Amino acid sequence: MMKIETLKKAGIAGLAGLATLAASAGTALAAAPKFDTGDTAWMITSSALVLMMTIPGLALFYGGMVRKKNVLATLAQSFGATCIITVLWMIIGYSIAFTTNPNAGTNAWIGGFGYLFLAPMGLDAVNSGLAPTIPESVYMFFQMTFAIITPALIAGSLADRMKFSAFMWFMSLWLLFVYCPIAHWVWGGGWLGAMGALDYAGGTVVHLNAGTAALVTCLVLGKRIGLGHENMSPHNLVLSVIGASLLWVGWFGFNAGSAVHADHNAGMAAAATQIATAAAALAWMFAEWIVAKKPSVLAMISGAVAGLVAITPASGYVDPVGALIIGIAAGVACYISSVWVKKAIGYDDSLDAWGVHGVGGALGAMMTGMFAKNAINSGAKGWLIDGNGHQMLIQFYDVAAVFVYCGIMTFIILKVIDMIVGLRVSPEVEVEGLDINLHGETVHD
Amino acid sequence: MKLITAIIKPFKLDEVRESLSALGVQGMTVTEVKGYGRQKGHTEIYRGAEYAVSFLPKLKIEVAVKSEMLDAVIDAITTKAKTGQIGDGKIFVTPLEQVVRIRTGETDGDAL
Amino acid sequence: MMKIETLKKAGIAGLAGLATLAASAGTALAAAPKFDTGDTAWMITSSALVLMMTIPGLALFYGGMVRKKNVLATLAQSFGATCIITVLWMIIGYSIAFTTNPNAGTNAWIGGFGYLFLAPMGLDAVNSGLAPTIPESVYMFFQMTFAIITPALIAGSLADRMKFSAFMWFMSLWLLFVYCPIAHWVWGGGWLGAMGALDYAGGTVVHLNAGTAALVTCLVLGKRIGLGHENMSPHNLVLSVIGASLLWVGWFGFNAGSAVHADHNAGMAAAATQIATAAAALAWMFAEWIVAKKPSVLAMISGAVAGLVAITPASGYVDPVGALIIGIAAGVACYISSVWVKKAIGYDDSLDAWGVHGVGGALGAMMTGMFAKNAINSGAKGWLIDGNGHQMLIQFYDVAAVFVYCGIMTFIILKVIDMIVGLRVSPEVEVEGLDINLHGETVHD
Amino acid sequence: MMKIETLKKAGIAGLAGLATLAASAGTALAAAPKFDTGDTAWMITSSALVLMMTIPGLALFYGGMVRKKNVLATLAQSFGATCIITVLWMIIGYSIAFTTNPNAGTNAWIGGFGYLFLAPMGLDAVNSGLAPTIPESVYMFFQMTFAIITPALIAGSLADRMKFSAFMWFMSLWLLFVYCPIAHWVWGGGWLGAMGALDYAGGTVVHLNAGTAALVTCLVLGKRIGLGHENMSPHNLVLSVIGASLLWVGWFGFNAGSAVHADHNAGMAAAATQIATAAAALAWMFAEWIVAKKPSVLAMISGAVAGLVAITPASGYVDPVGALIIGIAAGVACYISSVWVKKAIGYDDSLDAWGVHGVGGALGAMMTGMFAKNAINSGAKGWLIDGNGHQMLIQFYDVAAVFVYCGIMTFIILKVIDMIVGLRVSPEVEVEGLDINLHGETVHD
Amino acid sequence: MKLITAIIKPFKLDEVRESLSALGVQGMTVTEVKGYGRQKGHTEIYRGAEYAVSFLPKLKIEVAVKSEMLDAVIDAITTKAKTGQIGDGKIFVTPLEQVVRIRTGETDGDAL
Amino acid sequence: MKLITAIIKPFKLDEVRESLSALGVQGMTVTEVKGYGRQKGHTEIYRGAEYAVSFLPKLKIEVAVKSEMLDAVIDAITTKAKTGQIGDGKIFVTPLEQVVRIRTGETDGDAL
C-alpha cells in the first residue's frame, strides 16, 4: 500500500507528492476534491479483479481439488464468505480497519467506530491518508475485496468436513477479530506500519494470516475420514486450472492495485508479479518432475499460486531480478512444505492453505526485507541492496506478530463455535458427501 | 440361447463390433466398467505422492445369441480384442432362458 | 446514465458541469475534442466487462441450470444472440436508440436514422449529450453490450424447448421493436427520460423489459414435457456458479460504467452494487434455509443475481444503507416470486427470468424512487430522504409503460415467428435433447 | 501499434503529438517523466486481459476440443508456455524484440542486448519511441502477454501427440528464434515496419506466424492414431465456449490495447473488433448451417475466433463497415480452409491452428491494405479508400516474409528437438491418453 | 429364481419402476449403457464433417424375482417400456441360483 | 463355475477387493450403478421444492469363480460389505458355462 511510503517521506516531500497528485487531478482547492480519473478507473478495475479472484477464481481452484461429492459445498464456501463479509465490512469492518481512531493510543491497535454502516461516506468523501486521489467509495470497495479473499483462503485446510453453518460463523468472527485488527496494524495506521513493516499487498496481513488460521483449523478439525488409503486426488483439475488462471489474472488488481494509483509503482508491481509467478510455477514443476518423475498440472498451478503469494508483500518494492529470485524460492519452499513437511508432521491441510499461503506469505515477507530497493520504492530500504539489515528485524516482528495473534485468536474462535453449533459434520455426511447433505444438491452426469 | 459377456480394452470396441456385425449379430449392449486383474494399474501423482489406481477402464460387451452362433462369436471377439498384452480381458458365457423384444413382444430367436 | 442528471441541472450548473468535464479533458475548443483518458480507459473496460456478463457469464449461469442434454443449445443461445445483435446494433440499433431524431416530436418515441452502419461515426466523433468526455466509438460499444445482454436474458424462460432458428429471429425482432425504442424513451432523449424517470443502469430498460418478455414467452410456448414428475434440477451448478460470479464481476461495468465517467458517481454505484448483491444473496439463502431446511447453492447465486438486478436502476442514486435495504428486499421478493408464485400460478418460467429479472427490475425501479438521495446524485430527488413523493409516480409510469409495451410487442413478435418458422421443437427432439438434434453435438463424458 | 503512425508523422506533428500527451499528463519537464494515469490504467488492464486470453482462455478453447483423455495435457501446454515464456521474455526476449540495437544496420533485423534481465528498467523508465505516456514496466508486460499467446497458439495443431518436454523446448526456442525477430522487424524498429507494413495488433507477427508454425508442426508430427475412423469430436464444448468467450473479451486488450493509449484509436479498434468478430461467427455458422444442415456451436466459436484473428491487423486502421466486410470474409475463408482444404490435402491440423490463425491472419493482413483508412488512422493509407494500391504490395511482402522465415525456422527447430528429446509420444501413450501418462493425473467423473 | 435384465429407453425408467413397485417388486438395479442394434444412431457434426454415432444411450434394468413372478414382471416391463418405435429394447431372462442380502445374510426368497 | 454379482455401497469397494485378493481371487469387474430398494433415497432441493431421488449410487462387482470357491467368496463379500444399515446390497449367483481369456485363449478354470 502507499501508506508506508507516505509515512516515511519527509513532510515536504510528502506534501510535494500530494501536490503533484492533486495537480494532475485538477485544482485541489475546489470545495469537492477533484479525483484523478485514471487512478479511479484503475482502482475500480482492480477491485473487480480482486473480487474475481475469490468468485469464481478461488472457488474453482479449491472446488476442482476436492472429491466430486464435495465440489458444490466448496464453491458455497467461497461464495458464502463473499456475501457475509461484504455486509459485515459495510457495517463495521472498514470503520475499524481503515479509519483513524480518535484516541491516538487506541489507534495503534484498532481504527475508529465513526464509519459504522459507512454513514459518513458521502459522494465526495476521500480517505486522504491512504487514497488521496480517488473517491473513498472506491477505496472502501477495494479494501473490501481484500477482506473477502483473506478469510476465504482458509477454506483450503478445512475442506471436505466442516459444517456450512459453522463456516459462516467462522468467516464472520475471524474477519472482525483477526483480519480487521491486523489490517489496521499494518495498513490502517497501526503499530506495525508505524514500525516500518513492509507489506505492499498483504504477505502477512492476507496470506500468512490466512495460512496460520488454516493450520490451526485443520489441527482443530482433525483428519478427513479415509485419508491415506482413499484416493483424495483432485476430482477435476480443469476447474482448478481455470481457478488458478483467474487468480493469476486477478492478482494484478491485488498487487498493482495496491499502488492506489495508475502509475510507475503499479507498473513495476505488475511486472514483478508476473515474473515471480511464472518462476515459482516452473520451480515447483521441475522439483516434482525430478522427484516424482512427472510434471503434474497440480504442481504448475500450485507453484503459480505460491509465487503470487510470495511476491505479494514485495511487489511494489523489488526489481525484476528480485522478483525472479523470490519466485524461484517460493516454488521450492512451498513444494517442500506442502509435500514433505505435511507428510512428515501429518496434519491434514487438505488443499495446502498453510503450505502455500502461510509458508509463502512468511517467506515473501522476509525476502521483501532482503530485496526491497529504494530506487524502486522511495518508501523502502532493504537489506541486500540498500544495506538496511534492520529491515529484516522489522519484517520478522511483522511475521511473528501476525502468526502469534492469528494463531491464538483463531483457536479461541473455533472452540467457541464448536461449543455453540459444532464444527464438523457427522461421519455419515462426510462419507456420503457434503453437497447432497448440506445443500441438497449434486452435480449430475 | 446364450448370453456372452466380454470384458475388453476400450479402444478395441469398433473392431469387435464390426466383426460381430459381419457374423450377422444384430445388436449388442456396451457398458463402461472398471477392471481389476493381473494388469497393473496406473499411479496418479498427488502433491508429489504416488497413488496406485488398481482399477482400469474396460468395456463390457453383452451379446445375446442363438446357441449355434456361440463359438463363432467367441472366436470373433477373441481374435479382434486380442493385443497379446496382459489385460486383454475375458469372455463369460451364461445360459439365457428367454428373450423378448419389447417393441413387438416377439420372443427368443425372433427377438434377437 | 448521466442523462437525467444533465437534463435536470439548471442551465448554468449544467454548463458548469460540462465545463469541468471539458477542462479535466483538456481544451474544449480544439477542432478535435480532447477526450479524458481515465474516462475512456474505464468505459472500454466497462464494455468488456458487460460483454463478459453475457459470454461466458449468462451462458454458463443458464447452461448449468438446464438438463445436460440441452447445455450446448443453451450456450448457443447466449453466443448467437451476442453475434446477431452486435451486427444489428451496428447497422441500425444505435442510430434509432441513441441518436437524436431531427423531428423533436418523433424524437420522444424513436431516435434518428442518420447513423445507419455508423457511417458518420468518425475517429473524433462524440455523443456530446450522453458521453461528452469519451469517443463515440466507445459509447456506441458500451451501449451495444447492454443491447446484447437484455434480449439474451429472455432465454431463461424459453430454455429446453425453442427452435434455434426461431430464437435468432426472436432476438433480432425484439431488439429492434422493443429494446431500441424503450432504450430511447428512457436514455436516448425520449419521453420517459424527459418525464424524469430514474433508471441508472437499466432496471426497467433492461431487466423489467427482459423479464416481461420472458413471462410472455413461456406463456406462449407452454410447459416443458415432463415438468413436475421429471427431475429438472440443474445438471451442473458448478457452471452456474461460474456464471453468477462472472455476472457479478461484470456488473461493475454495467452499473459503475453507467456513470460514463471514472468518477465519484461510478465509485458510489460500485459500492452500492456490491452491498446490495451480497445482501440479496444472503436474504434468499436464509429464506430457503428456513423454509426448505437447507441453504442451496442455487439459492445463493439466484439471490445474488436478484440483488444485482434490483440495485441496477438505483446504483447511482442511493447510499450504502439504501443499497443494503434494496438488496434484502430483492432477495426475499424474488425468492417468493420464483418459488411460490410460479408454483401457484403454474407457468413454466424454466430458469426464472421473470421471477428474478422482471420482479427484481420492477421492485428496484420503485425502490429507486424511495431511496434516491440528492446528496448522492444531484440529478435525483427521492421520496423517503428528499421528500419527493412525486418521484414514485414517475417510477410507476416507467414500470407500467415498459411492462405494457413490451408485453404486447413480444406477444405479436412471437406469434409472427410462430407462423413463419414455428417456435417450439418437436416432442421427440425435446425429449431426446436439443444439443444433438439442433446442433449435432453433445458433451461426451 | 502506434509505431508506424509515429514513424510516418512529420517531425513537427510528432512533437506536437507528444507535447499534447505530455501536457495532458502534467509537466513534461519534470526530471522523472510524468505518465498519463488514464493510459497507464488502460495498458495494465489490457495486459491482464491479454494474459487472460491464454490462461484460461486459450487453454479452455483447446482443452474442450480434444478427447477427454488429453484435456489436462492440453491445459498444461498453455499454462506451461505462459510460465517459460514469461521468464525468457524477462531474461532476453524484450531486449532483442523491443529495444534498439546500437548498430543501425543490425537493428533492421534484431534489437539490442542491453536489456538482459531488464536490468536498466528503472521505476521511471519509458520506451519513448513505442510507448511515450506509460511506464516501460507496463509496456514490457503488455508485450510479454503477446509473446506468450503467440507460441501457445501453435499447440492447436500438435494436440494429442507431442511430448511435454519437447513442447517446452519448442516454445522456448521458437520464442527466441522466430517470434522475437519478427516482432522486431514489424514493431520494434525493424525493416518491415520501416517499409510501412501495417499490422496494428499482430495479423502477421502473431497469427500468421503461429499459424505457419502450426502447419509445419503438424506436417512434421504426422497424423494422430485413429484419425478418420475414431470419433475425435470435441469432448466438452462447454469448455471451448468459455474459452472462446474469454478470448473474445480479452481481445479488447489485444487490439484496443495496441493503441498504447486510452484514446479514440483504442475506441475505434474496440468497435471494429466487436463488429468483425460477430460477423465472422455468423458467417461460419451460416456456411455450416447451409452445408451440414445444422449450426454447430463449434462453428459459432470457431468463426468468432476467425473474426478476431482477421481484424487484428486491421483494427486500428479500418472503419466499422470495413470491419464488417473483413469479418464476413474471415468467417467464410476460415470455414473453407478448416473444413474443406484440410480434408482435401489431408494434414492433421488437430484444432485448426493453421486453418484459423494462419489463413485468418494472412487474409486480415491483405484486407488491412485494402480497407485501411487515413481518416481513421493518420499513420495509414489503404488501397480502396485512399487509393494507395502500393500498400497491397507492402502487405504482401509482410505476409511472405513471415510465412517463409517462420516456416523454415520452425522446421529446423523441430528437427533439432526431435533429435535431442524426441517430439512424439509412443503409440501406447497416445492411445491411452496423455493426461495419465505425461502428467500422472486424470479427470475423475 | 430368475434374473431379469431389460434394456430400455432412458425416459421410460420412471414408468417401469412404478409398475414394478405396483407388482410388489421391492428393488432393482439400473445401469447406464450404450446400445447397438437396428435403431439408427445420430450423426455428430464436427468441422462440417458428419460422424455417425452408432451407439445410443439406453438403461439396463436388473431385477431378481421369484420364478412365479417372472411372467408378470416381463409383462409389466413390455407394456410400460414400449413406444412401438425401433429401439425399445429387449428383455433377457437368466437363471438365478442363489441370492443373499448382505445386511442380514438372509438368502434366496427372503433376500428379495 | 459361477458368476457372482454383488451390489454394494461404494465406499466398501476397497475392503471387499482386499479380502477377495486374500482369497486368491485374481480379478473382478466393477460397474457404477444406481440402486432402488428399501433404502430411502435423498431429496434434492430445487427452487425451494423438494425432489425425491429414489435411486442411490451403488457399485456392482462381478466375479467369476470356480464353484468350490463360491461360499468363501460370498462369505468374504457379506462380511466386508456389511454395515448393518438398510441398503447394504445383495449378492446374486448365476451359472457360468464357459470362460475364455482373450489374451491366451485359455478357457474355464485356467482363464480365471
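Which chain is which? They are A, B, C, D, E and F, in the order written, and residues in each are numbered from 1.
Methods note: contacts are C-beta pairs under 8 Å (C-beta built on N, C-alpha and C of every residue); 3 or more make two chains touch, one makes a residue touch a chain.
Fair warning: this is a prediction, and the values are worked out from it, not measured in the lab.
**Student:** Provide the labels of all chains in contact with subunit A and in contact with subunit B.
**Tutor:** Common neighbours, subunit A/subunit B: D, F.
**Student:** Is it true that over half of the residue numbers where subunit B touches subunit F are used by both copies, so same, or is it different?
**Tutor:** Homomeric contact, different residues on each side for the most part.
**Student:** If contact pairs are compared by residue number, which of D-E, B-D or C-E agrees with A-B in over half of them?
**Tutor:** When the contact pairs of A-B are compared with those in D-E, B-D or C-E, D-E matches.
**Student:** Taking the mean of the C-alpha atoms as each chain's centre, how many Å separate subunit A from subunit D?
**Tutor:** 33
**Student:** Starting from the mean Cα coordinates of subunit A and subunit F, work out the distance between those two points in Å.
**Tutor:** About 48 Å separates the centre of subunit A from that of subunit F.
**Student:** For subunit B and subunit E, what's the span in angstrom between their mean Cα positions?
**Tutor:** Going by mean C-alpha positions, subunit B sits 18 Å from subunit E.
**Student:** Between subunit C and subunit F, what distance separates the C-alpha centroids? Give it in angstrom.
**Tutor:** 53
**Student:** At least two partner chains per residue is the criterion; list those residues in subunit C.
**Tutor:** Expected reply: 36-39, 41-42, 45, 233-234, 242, 292, 294, 296, 298, 439-441, 445.
**Student:** Any chance you could list the residues of subunit B touching two or more other chains?
**Tutor:** Where subunit B meets two or more other chains at a single residue, that happens at 31, 44-46, 50, 94-95.
**Student:** What chain-chain pairs meet the touch criterion?
**Tutor:** A-B, A-C, A-D, A-F, B-D, B-E, B-F, C-D, C-E, C-F, D-E, E-F
**Student:** State the interface residues of subunit B toward subunit E in the complex, per the touch definition above.
**Tutor:** 3, 17, 26-31, 64, 94-103, 105, 111
**Student:** Can you name the residues of subunit D that touch subunit E in the complex?
**Tutor:** 231-234, 288, 291-292, 294, 296, 298-299, 335, 338-340, 342-343, 352
**Student:** Which of the residues in subunit A end up touching subunit C in this complex?
**Tutor:** Interface residues on the subunit A side: 26, 34-42, 44-45, 47-48, 51-52, 55-56, 59-60, 63, 71-72, 75-76, 79-80, 82-87, 90, 117-119, 121-124, 134-138, 140-141, 144, 164, 239, 242, 438-441, 443-445.
**Student:** Would you pull the subunit F residues touching subunit C in the complex into a rising list?
**Tutor:** 44-51, 53
**Student:** Along subunit B, where are the residues that touch subunit F in the complex?
**Tutor:** Those in contact with subunit F are residues 2, 6-8, 31-38, 54-55, 58, 60, 74, 77-78, 81-95.
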